[in-house]
Amino acid sequence: MIVDMSIAVGGVRLRGPVMAASGTFGYGTEVPLLERRAVGAMVSKGIFLRPREGTPPPRIAETPSGMLNAIGLQGPGADALVRDYAPKWATWDFPVLVNINGESAAEYGELTARLDGVPGIAGFEINISCPNVEQGGLYFGNDPRAAAAVTEAVRRRTKLPVWVKLTPMVGDIGVIARAVEGAGADALCAINTFVGMSIDLNAYKPRLSFRTGGLSGPAIRPLAVHLAHQAARAVRIPVVGIGGISRAEDALEFLVAGCSAVQVGTATFVNPCAIAEVHDGIESFLHARGFKSLADLPRHLPRD
Amino acid sequence: MIVDMSIAVGGVRLRGPVMAASGTFGYGTEVPLLERRAVGAMVSKGIFLRPREGTPPPRIAETPSGMLNAIGLQGPGADALVRDYAPKWATWDFPVLVNINGESAAEYGELTARLDGVPGIAGFEINISCPNVEQGGLYFGNDPRAAAAVTEAVRRRTKLPVWVKLTPMVGDIGVIARAVEGAGADALCAINTFVGMSIDLNAYKPRLSFRTGGLSGPAIRPLAVHLAHQAARAVRIPVVGIGGISRAEDALEFLVAGCSAVQVGTATFVNPCAIAEVHDGIESFLHARGFKSLADLPRHLPRD
Amino acid sequence: MFVLGMRAPEIAASVRAGQFVNLGWAGGPLLRRPFSVYRAEGDVIEVVLKAVGVGTAQLLSMEPGDIVSCLGPLGRGFEISGSHVALISGGLGVAPMPLAARDAIAAGARVTWIHGARTADELCAEADGDEVVWATDDGSRGFHGTAVAAAPDVDLVLACGPNRMLAAAAERWPDAQVAVETYMGCGTGVCLGCAVPLARGGYDRACKEGPVYRAADIKWSMLPANLHYVA
Amino acid sequence: MFVLGMRAPEIAASVRAGQFVNLGWAGGPLLRRPFSVYRAEGDVIEVVLKAVGVGTAQLLSMEPGDIVSCLGPLGRGFEISGSHVALISGGLGVAPMPLAARDAIAAGARVTWIHGARTADELCAEADGDEVVWATDDGSRGFHGTAVAAAPDVDLVLACGPNRMLAAAAERWPDAQVAVETYMGCGTGVCLGCAVPLARGGYDRACKEGPVYRAADIKWSMLPANLHYVA
């Protein structure tokens, strides 16, 4: 099969369109049976400037075709990341982006400055699904000004590619997409998890200790395809589709809807070879339809 | 089993907390094997003032633990409803609310005036998940002013109970909930379907002729429980929980999260006896825990 | 093509040709799957199917004794009349025909069954009727051409198969009775998901007013042709 | 309690007592389900389970020849040492004990197995060890009280069972090795869903640093006690 699967997304060259989504692949050192050849890129677990403990258990709950998680962005902080992981990433044959988080635009900027130029770090994915502590806990992700401010704060500290990962919990995703495009994002990632809740009927309280959690998995795929499509229509920069991808057909839905590449998350928990299977399946699909390269796939839906 | 399952919700007395959701029970005359004793109330298929053809097929598509629909609010219009269905409803032993729709606040008001006082119509459920044609197609449902304007327009034309059915596609459901409470709603229904899209990879276009559709079914339940809980925390009027309920445990999640009653939608497609099974299951649960009445169920989660 | 039998005494006793059952089972997909009743004898009904997706694959991996929830009989079947009836089927469109043949014969009619396929491999093994005509697109068996072209002119034409075959039948016999295929949400008339576009404007429900229609009553250009019923 | 055997030669050859496998199967729930390896002989591993929810119910309805995807061996098992080892189990906490007994005996240790249950009905049928002690909450068989109370003082205590039983073991033997239960997303260390609160602060991953811990290293007050592993 000779299909050219490579693609450039927001300043990052990928050998294939299937990446590992943040928080579902650890720091890339844990996944067993990993078929590295198929990994387009990895986005590492979301990190803050300083170490974070994360939330008490229970942290996950299963729901129909999905799961809720409230990990609380547990992580070792920027210094440990630079010391323990980046040197390994520098030797790998696929790029690693760091998913960055903060409680204020300034903190995002500071974290970027700390990580910029560190060998092994190919770019940044800004997670704007964080509460904005300065604004009373409102989310950066559903306020176009706050989202743009965070993007600018990061953009000013680095020449590396900056991707912005959008939250689905918004009235109009196009507004946020345009705001962060204007603030200098090189690509958008759509989408992060939806906020959900599941109740323990024995205890009359939420199953998760954090009360709410982010819903991921196949359940959200139709919502994610719609939002990624809306984002792709709103901007000129590339959009990376995320949400409920476990088979090649799922990924192809995002690509046909206008995305340039995709990330696989929860599916890796179920099947450690999910990324390779999605990659290979896309290749077979393209081959069977006579496409010579990923770029030939009809990408944009007929507009209304 | 002697458990008092009755409850009053926003001016409507129900013999049980489980109602039929709009658009999933037709006009109440179609469902086979119906166990009427268990139906708390029925909300009829969404109606406009004038007849509507609806959208071309395909109108539905299955997704993991869910389905997308774009029926386009096909319906016979107010006059036919009054002539063909209301007289039947007037003889039934459970109340029927009419789900009302419009393209402008004025149209909602006109429809209410046409239906107010017609025997068989016990109240109104305002569907605010409609595009506001006067405002360039923005949804009433994610603009607090537009949502309040529609609620007021309906409120002014009737003394019957007015419920407002919220859309989940909003940045902050509490804002909309408070706006429509302030405009005179007697209860809130949370939630309507989420907008989603599914792609036909043979045709490189959406499966649904309308491109997007509303996602319903178990897949959305954790999102619906969260939003219903948020709405219930935001207002003093009762909230009716809707979204992915197919078993008693599902309904109980909404009740424990602060809802007063629930509606069952998609589950009726799969199991025409779903309402009765959910009702009976809640009764058994209450009985097994020693509760004498539905009102005794611990209703509000510990607040944070 | 495989045949699946289910004990369903009430349905077996009352089902009419062209009606369907809506099947659901534990561990299956969310929505039920509609299937025409293929045969009904004693306590048992049969459906004919092949694996096209997750639901049909699961049905075909069932073992004797497994339990399927079977809602039906649903929809409006064929209205049989006249002294010479032609049954025209394509692919899995054979499904409603054995019952149609039974009823037509019981009503004293002569029955000609014309079954079409792309190749001889796709022809179904058995057919009931006074006269059986095979038609293949590639001429590998019987008539070389479509089942519609192979059919004689008779009093009543009943047809089932891919929507594009039915559209062709509608051109030749406006009064033919055709069983159409749509996606279905409920099968019971409440969801309006199974819309069939009508020549006079508006939509009917395939599960309630259909799945059998007078051929000329359908606006064929708007009925999706790419569903999965028949390959 | 039922035992399910699976052909899994590589896992059978390498699994250590206290490690687990993460099982997934077609038509099953989204997430895999973790199970301790109960026995390993030749090409076959066994797990012990009872139906508590949808996943275990589906596993128990499998037929010989059905296929289960079996990821493992996962986690860190027991470290066996000393000349007298006590195995303390409650309910389904028997699961890792046969392998632990095997390894302890192979290491030349004397093994005392204390198994606790609420009533005699809940006791498992068989137990391996030089000495077997039963304990029931209601005194209907063996020692009247908990397994922890029934245990002798020995060189090494290995325990598995409800988290509240393990918390009691931790009070008596800070150096006991306990196998804890948490919900798991991946079982492979990437999701951080299986957080075990540590006495020194922060969290470990049950699937990677655990599921076996030194008893005193866990902050028991923060570990949920209401999971489903053991009724």
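Each chain gets a letter, A, B, C and D, in the order it is written, and its residues are counted from 1.
Keep this in mind: a contact is a pair of C-beta atoms (placed from the backbone, for glycine too) under 8 Å apart; a residue touches a chain by one contact, two chains touch by 3 or more.
Values in this document were obtained by computation on a predicted structure and should not be read as measured data.
Novice: What are the chains that subunit C and subunit D both touch?
Specialist: Under the touch definition, subunit C and subunit D have no mutual neighbours whatsoever.
Novice: Would you identify the chain whose Cα-based centre sits farthest away from the centre of subunit D?
Specialist: If we average the C-alpha coordinates per chain, C ends up farthest from subunit D.
Novice: From the mean C-alpha coordinate of subunit A to that of subunit B, what's the distance rounded to whole Å?
Specialist: Each chain's C-alpha centroid was found; their separation is 34 Å.
Novice: Counting only Cα atoms for the centres, state how far subunit B is from subunit D in Å.
Specialist: From the centre of subunit B to the centre of subunit D is 46 Å.
Novice: Roughly how far is subunit B from subunit C, centre to centre by C-alpha average, rounded to an integer in Å?
Specialist: Each chain's C-alpha centroid was found; their separation is 36 Å.
Novice: I need the residues of subunit B touching at least two other chains; which ones are they?
Specialist: 65-66, 217-218, in rising order.
Novice: Looking only at which chains touch which, which shape fits best: line, ring, star, complete or other?
Specialist: Topology of touching chains reads as a ring, each chain with two neighbours.
Novice: For this entry, which pairs of chains touch?
Specialist: A-B, A-D, B-C, C-D
Novice: Write out the stretch or stretches of subunit B touching subunit A in their complex.
Specialist: 63-66, 68, 142, 169-172, 194-199, 201, 204-206, 211-213, 215, 217-223, 225-226, 229, 244, 249, 252-253, 256-257, 285, 298, 301-302, 304
Novice: Show me the residue ranges of subunit A that touch subunit D in the complex, using the header's touch definition.
Specialist: 23-26, 30-32, 45, 53-62, 65-67, 69, 71, 74, 200, 202-203, 209, 217-218, 266, 268-272
Novice: Show which residues of subunit C lie in contact with subunit B when the two form their complex.
Specialist: 24, 29-32, 69, 71, 182-197, 201-203, 208, 222-224, 226
Novice: Once bound in the complex, which stretches of subunit D touch subunit C?
Specialist: It is residues 27, 58 of subunit D that touch subunit C.
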